[in-house]
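Quick one: the structure is below, questions incoming.
Think of it as A, B, C, D and E in the order they're written, each chain with its own count starting at 1.
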Amino acid sequence: MARPEAGDVILKVENISLSFGGVKALSDISFEAREHQLTAIIGPNGAGKSSMLNCIQGFYHPQEGTITYRGIVRKPEKSHEAARNGIARTFQNIALFKGMSTLDNIMTGRNTKMKSNVFLDALYLGPSLKQELEHREKAEQIIEFLEINSIRKTPVGRLPYGLQKRVELGRALAAEPDVLLLDEPMAGMNIEEKEDMCRFVLDVNEEFGTTIVLIEHDMGVVMDISDHVVVLDYGKKLADGAPDEVRNNQDVIDAYLGVAHD
Amino acid sequence: MEFLHAMTIGPIVEIIEYPTFFMEVLIGGLLTGVMYSLVALGFVLIFKASGVFNFAQGAMVLFAALTFVGLMEHGLPMWAALIATVAVMIALAYAIERLVLGKLVNQEPIILFMATLGIAFFLDGFGQTIWGSDVKPLDVGIPSDAIDVGGVLINWFDITAAVVAGLMVAVLAIFFQKTRIGRALRAVADDHQAALSVGIPLKTIWMVVWSVAGIVGLVAGVMWGSKLGVQFTLSLIALKALPVLMIGGFTSIPGAIIGGLIVGAGEKVAEVFWGPAVGGAIEDWFAYMLAMAFLVFRPQGLFGDKIIERV
Amino acid sequence: MFYREAGQFKTNYAKDQGIFPILQDRIWIYFVLVVAFVIIPVFGTDYFLGSIMLPFLVLSLAAIGLNILTGYAGQLSLGTGGFMACGAFAAYKLSTGFPDMNIIIVFLLSGGITAFVGVMFGIPSLRIKGFYLAVATLAAQFFLLWLFNRVPWFTNYSDSGVISAPPRAIFGDFFITGPDATHLSKYLFVVTFVILFALAAKNITRSGTGRNWMAIRDMDIAAEIIGIRAMQTKLSAFAVSSFYCGVAGALWAFLYSGSVEPLSFDVNRSFQILFMIIIGGLGSIMGSFLGAAFIMVLPILISSLPGMLGLSIPVDVISHVEFMIMGALIIFFLIVEPHGLARLWTVAKEKLRLWPFPH
Amino acid sequence: MSDTGNTLLSVNNIEVIYDHVILVLKGVSLEVPEGGIVALLGANGAGKTTTLKAVSNLLGAERGDVTKGSIEYMGDQIDKLTPSELVKRGVIQVMEGRHCFEHLTVEENLMTGAYTRTDGRAAIEESLEKVFHYFPRLRERSTSLAGYTSGGEQQMVAIGRALMANPKMILLDEPSMGLAPQLVEEIFEIVHRLNKKEGVSILLAEQNAMVGLRYADYGYILENGRVVMDGDGESLRSNEDVKEFYLGLESGERKSFRDVKHYRRRKRWLS
Amino acid sequence: PVQADEQYMPLLVYRSGPYAPGGIPYANGLVDYFKYVNAQGGVNGVKLTWEECDTGYNTARGVECYERIKIKDGKKGAVVMPLSTGITYALIERAAKDGIVIHSMGYGRTAASDGTVFPLVFTAPATYWSQATAITKYIGSEVGGMDKLKGKKISLVYHDSAYGKEPINTFIALSKKYGFKFTKHPVAHPGLEQKATWLTIGRKIRPDYVVMWGWGVMNSTAIKEAAAVKFPMDRFIGNWWAASENDTRPPGKASIGYKAASFYVPGNFTKLHADILKGLYGGDKAAALKNNWGEVLYNRGMVNGAIIIEAMKVAQKKFGNRSVNGTEIAYGFENMDMTEERFAELGMKDFMKSIKLSCADHEGTSPLIITQWDGNTWKPVSDWIMPDHAMVRPMYKEAAMKYAKEKGITPRKCM
């Protein structure tokens, strides 16, 4: 399957600054992400990558600067709005609903597409059941896609780390997002699992044309799968460009990569 | 109309018209609040040091006081009874660690809370089995007469309580903030397993904390017991300590005192000046409502540890 | 070996979505229904029906209510007693104000009124969390009780503030409250009512609403970020939970006690229900029943045991020992299984599934 | 075994069960020589963490139980010791997933690591300096609450905290997780230095086999609760399967993640 | 062999929980009296048996207790004493259905004194409403005549429950009748903290008299707080549940002078006391005291036992010397005429005034007495005061009719 062509700029980050008390997490960051592309954000620990993602998603509200999504400037709003506008994400420290099964976790991902009515739900008949089955079907497709059939009914708290990450991806995908924000989806995985994860990420991108913004520390992964890399360093933007450009940027090597290795 | 007046202008006018009476209520309230703080302190200690909301604190107050009077009734002199009771509270802490908490390491807070409920049940039954359910008057020689300071009646007893509470808070606050053990205690509250992993001996730590909480309970029990007589109901003062905790924050020792002052003054002033308009007995819910109002602005209480929300 | 789902294939999602997808579970449920509707009514004594089963079922309903709020939606609450009182007094006002209204409608409406009150007191939960919230809900508890105690209108200006249920029949002569109602008729009514409501609760919790609740419970920030509206979800949990508690309160006053004063719903009641759901299992409908049995029935059992065995132990000793045994049992069960009796049950099932192999 | 002599830690055929029903380790044996670095590799859920926790006796807190086998440290049975006693004897674990004390500042977090030490304030200060020297970022953030620091910073805190105990042996659980490449190198350098200069033995559970095997003297590969392969660093690195499944190398070349295939070869040792 | 006839008594008591200090002496007195009766050969040869159940003063538990022990070994109780206003309310309907008499002596539902609507409930010797009028009369006599009450201030401090609320309407009626100013001050259960209440009373309202309807720890706390605001103890009058040693001992000397109402004379001076002491404790006063012998609430249990046994004896006169059932003992109550002589015969000379009931009147017309704590014991300080029955009876009627209407009961006719 061919990768979709890069489209227009879907996300535009302009002059974002964010600080917590004395700590300046982000200062004056600008970059763009194009539709259907895979943008990677890299940088040392504490550089502000997760904070950047949080700003895009709307959980943090930057003190300065604007974020334009689909041509509309994002206003500081409730964090659930982003999901309803087609932005889904995963978290650096897994944020699954630990008490629920894999299937239920993925079903919650579909909440933006479902109408819940307590009275109908109490009866579990008619529209409620119908909706439940419809969305179950969608959830099963995702389960199939991520190859997690066997753990469908297992409470996620008991799953090993790698599978949890996969379920989390599934939950984000369930929302059928236009933009998918992934915060270190492959941390703590071995090569084999990283390969799987990459495959899923690429497939999503190819099949649905989902725009992906990804934070990752594994340079192999970043360089191989991303179209565009943004490098942050302690709140500042260090570089921005195609993977190969960035890889050879001396500043980036000094601040982040250390000895070139792969 | 009349009601509105009684709710708004009436009390204000009254306060302005009788300032000494207002002062009396205010001071009375503040001093009562300190008595609440004494009980709240025990909760704070354990919460701060292990993240456990100790439902049994009330029962421990009762148990300590019962043991103390019980021993005195059996003819022990006061100092001996005091030492013996402290020993009993330490033994109790040891038993609780061995039989309950030690087996529930790393469980969710609500589970630990439930376990302390089990402890409370047990202590209530156990204390009464040993010491009976009668009222036992307790007199440790704290004077209880009132003195007149510029038309305001102040009770010696309350002043004593305030001094005791103040001292305890100072000592405990220093202990927690400045010492190695204090730091370890706070670490345990955050993450049992991680604390274990760096070599903090959970057992010893819990023993220490529960012993200290037991001793704080004893002090509270003696104070309240000399006020009301030692009896089963004493365990219910825990309910009066809860709004104090909310306002001060579950993790702050000075918060326990300040919360106590706010609750005490607030509920007494409300009861005396606003209560009559709505039929009285509003102090219970008023304290809670007041606390809730505080929490809406500061969800962790005035001095409680920040609630860290990160993704 | 006995408990295997192997070989039970589901050919469509609808079947897999059934409440009890496993055959053994279905058999178990039929068994429970037979016990509830045939064996107990036939063999139960008046004492058993009226003094064990009735309060047990009513408190189970309240426990389901609280479990929805605390076990499913993660909002710790100690206002249950207040909400039960609210239901009881609403039912009293409705049934005395509109004597012709069917008592079932009265119960449902009083649940609705309580739901509204619950939502009001749920608003702070948007800011306040955990034990702080638990303590904050005590404000509801104390305020509501104070209100019913203080405002004579709620008790139709009775001298002592005690309300007592007027005699009502659900149809014809089938009295379920008042002196003409037998323990059996009360029992049958309550058991039907509670089972239906438990079923409804189960349905809600396994559908979208329930998943949203659980998401908020497990991680509220993440839930919001994936698009769940925290406010709506929390308040709906408060509403449904209070509805259940309200109905339970009305049933308690009308069918069990017959007459109540606000003190029957004091803070001890709130604690009692909370204990039920913790010991029974947070986030489990079945756990609500198990917990209610443990917390309510067990003490009665302990205290009547000496009498049944013909031992004459002084009642105070019995009471104290009852306290001690309860305390010890609570701790014991928590150590064995911190997640409650319901989980113990699942673990047992898992063991059965593996049987005769240990792992 | 590699160059160094005595066995410091030996795990003999242990079995671990969680919650009385979930059997996770099905007879794991391994040895850590004095002054050695031993790596424990394996897929997610293989039981690496469980093995480390079994050694450091942290399983109790997870309702897990060692039901068979024995664990010896310097010739002594250590199954019955508390984690605290173990730390006093010099065995400390850096837990997977950070586990910082959120409400303590970074510096206070580090100080908790020195809880069991009795060698005086000055020595502790010195260690603190050392940790700050290793992780300059922590010095900058030393007064902020650990709960607010970034993922990587928390990881540094966790490692630094363990160093504060002046350990003889560190059980490192996924130290590289979530760390920037440069920092991963640095951390492994630090580990290496501790090992060489201060003679600290290391048992390392790691997903990043590439680095792990580079520094390890010896390695074990764990799958499904069993050791399926072991050998010294070099021999493991040259094993074909290890190359393919753990190092991501295909005929010596690193495969591109973009070209990963959609089918998979079975691991030879499973068949 | 014919099994010996026995009279079974289900006893709802509380010996544990927050109100245990009050429940224990009462239960001891009651049981001691039963033991004493048995030692005397039973009630005309009928031995008493009983079963206790601990209600913890908790209504729900009380109801369960009632259902559990109302029948034992096939023998149904004839009379039950719920020992809590809340439990009484909850049991009235149940007991009526079971045909068991409720004797709520000095507590419970006042309106139940109306025998036409409540044929099986007895409130003798006096209700809260009667008590309120008697206390008011006493205050009147203290201030120099009922007419002097005009313009005086009386405050009521009450336990915020069904129990505490019972006398409010009576006091309001009394204040209208005599022109005194009445204020009421609820104290929430359990009443550990009353500073606000007492600052309001003692420093703001400054009433001439304070009346208290308290129970448990509330009483001693009130005394302590009243002393703290220097309210004179001799103008502080409790009802008969705020009249025991438990209430006055914990505050120490602060409670000297505190007064309380009673329907019997405090003390252990009667022959019955001596007999119990001798019969049950071998004359050892020390041992007996541990069982609360002679304390105010012990005496209440004892006299409650005496009244019930008297009712049983009256019933036996009509139905024969055998055990009796509920309706029979109800007959016994209604035809009871316990004169002072009769009390003397029972060993309680100078202990109580007479009780005489009828089909319509289940309360009787017993006078009350005011007692005072002198630091060691309770001493009577007034003459016997007859409650204002003329005033309260119509109130009973009204309340009872309201109840009858709500419940759809047709009042029976009394000759």
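Heads up, the rule we're going with is that a contact is a pair of C-beta atoms (placed from the backbone, for glycine too) under 8 Å apart; a residue touches a chain by one contact, two chains touch by 3 or more.
Just so we're clear, the structure is a prediction, and the values are computed from it rather than from any experiment.
S.K.: Work out which chains are contact partners of both chain D and chain E.
M.R.: B, C
S.K.: Measuring between mean CA coordinates, which chain is farthest from chain D?
M.R.: The chain farthest from chain D, judged by C-alpha centres, is E.
S.K.: Return the chain whose centre of C-alpha atoms lies at maximal distance from the corresponding centre of chain A.
M.R.: Of all the other chains, the one whose centre lies farthest from chain A is E.
S.K.: Just how far, in Å, is the C-alpha centre of chain B from the one of chain A?
M.R.: 47
S.K.: Could you tell me the distance, in whole angstrom, between the mean C-alpha positions of chain B and chain C?
M.R.: 31
S.K.: Counting only Cα atoms for the centres, state how far chain A is from chain C in Å.
M.R.: Going by mean C-alpha positions, chain A sits 41 Å from chain C.
S.K.: So which bits of chain B are touching at least two other chains?
M.R.: Residues 128, 133, 279-281, 284, 311 of chain B each touch two or more of the other chains.
S.K.: So which stretches of chain C touch two or more other chains?
M.R.: 146, 149-150, 221-222, 225, 316, 319-320, 323
S.K.: Two or more other chains in contact with one residue: find those residues in chain E.
M.R.: 15-17, 20, 24, 160, 186, 188
S.K.: Viewed as a graph of touching chains, is the assembly arranged as a line, ring, star, complete set, or other?
M.R.: Per interface graph, the chains form some other shape.
S.K.: Using the touch rule from the top of the page, what pairs of chains touch, sorted by label?
M.R.: A-B, A-C, A-D, B-C, B-D, B-E, C-D, C-E
S.K.: Along chain E, where are the residues that touch chain B in the complex?
M.R.: Its residues touching chain B are 15-18, 20-21, 24, 160, 184-188, 190, 192-193, 195-197, 199-200, 203-204, 216-217, 220-221, 224, 227-230, 246, 249-252, 254.
S.K.: Which positions of chain B touch chain D when the two form their complex?
M.R.: 105-106, 180, 183-184, 186-187, 189-204, 251, 305-306, 308, 310
S.K.: With touch defined as at the start, can you tell me which chain B residues reach chain E in the complex?
M.R.: Going through chain B, the ones touching chain E are 18, 21, 24-25, 28-29, 32, 128, 133-135, 137-139, 144, 146, 153, 155, 224, 227-229, 231-233, 236-237, 240, 267-268, 271-272, 275-276, 279-281, 283-284.
S.K.: Which stretch or stretches of chain A touch chain C in the complex?
M.R.: By the definition above, chain A touches chain C via 57, 59, 78-80, 82-84, 88-89, 91, 95-100, 104, 107-109, 111-112, 114-118, 121-124, 128-129, 131-133, 136-137, 140, 171-172, 175.
S.K.: State the interface residues of chain D toward chain C in the complex, per the touch definition above.
M.R.: Residues 17, 19-23 of chain D touch chain C in their complex.
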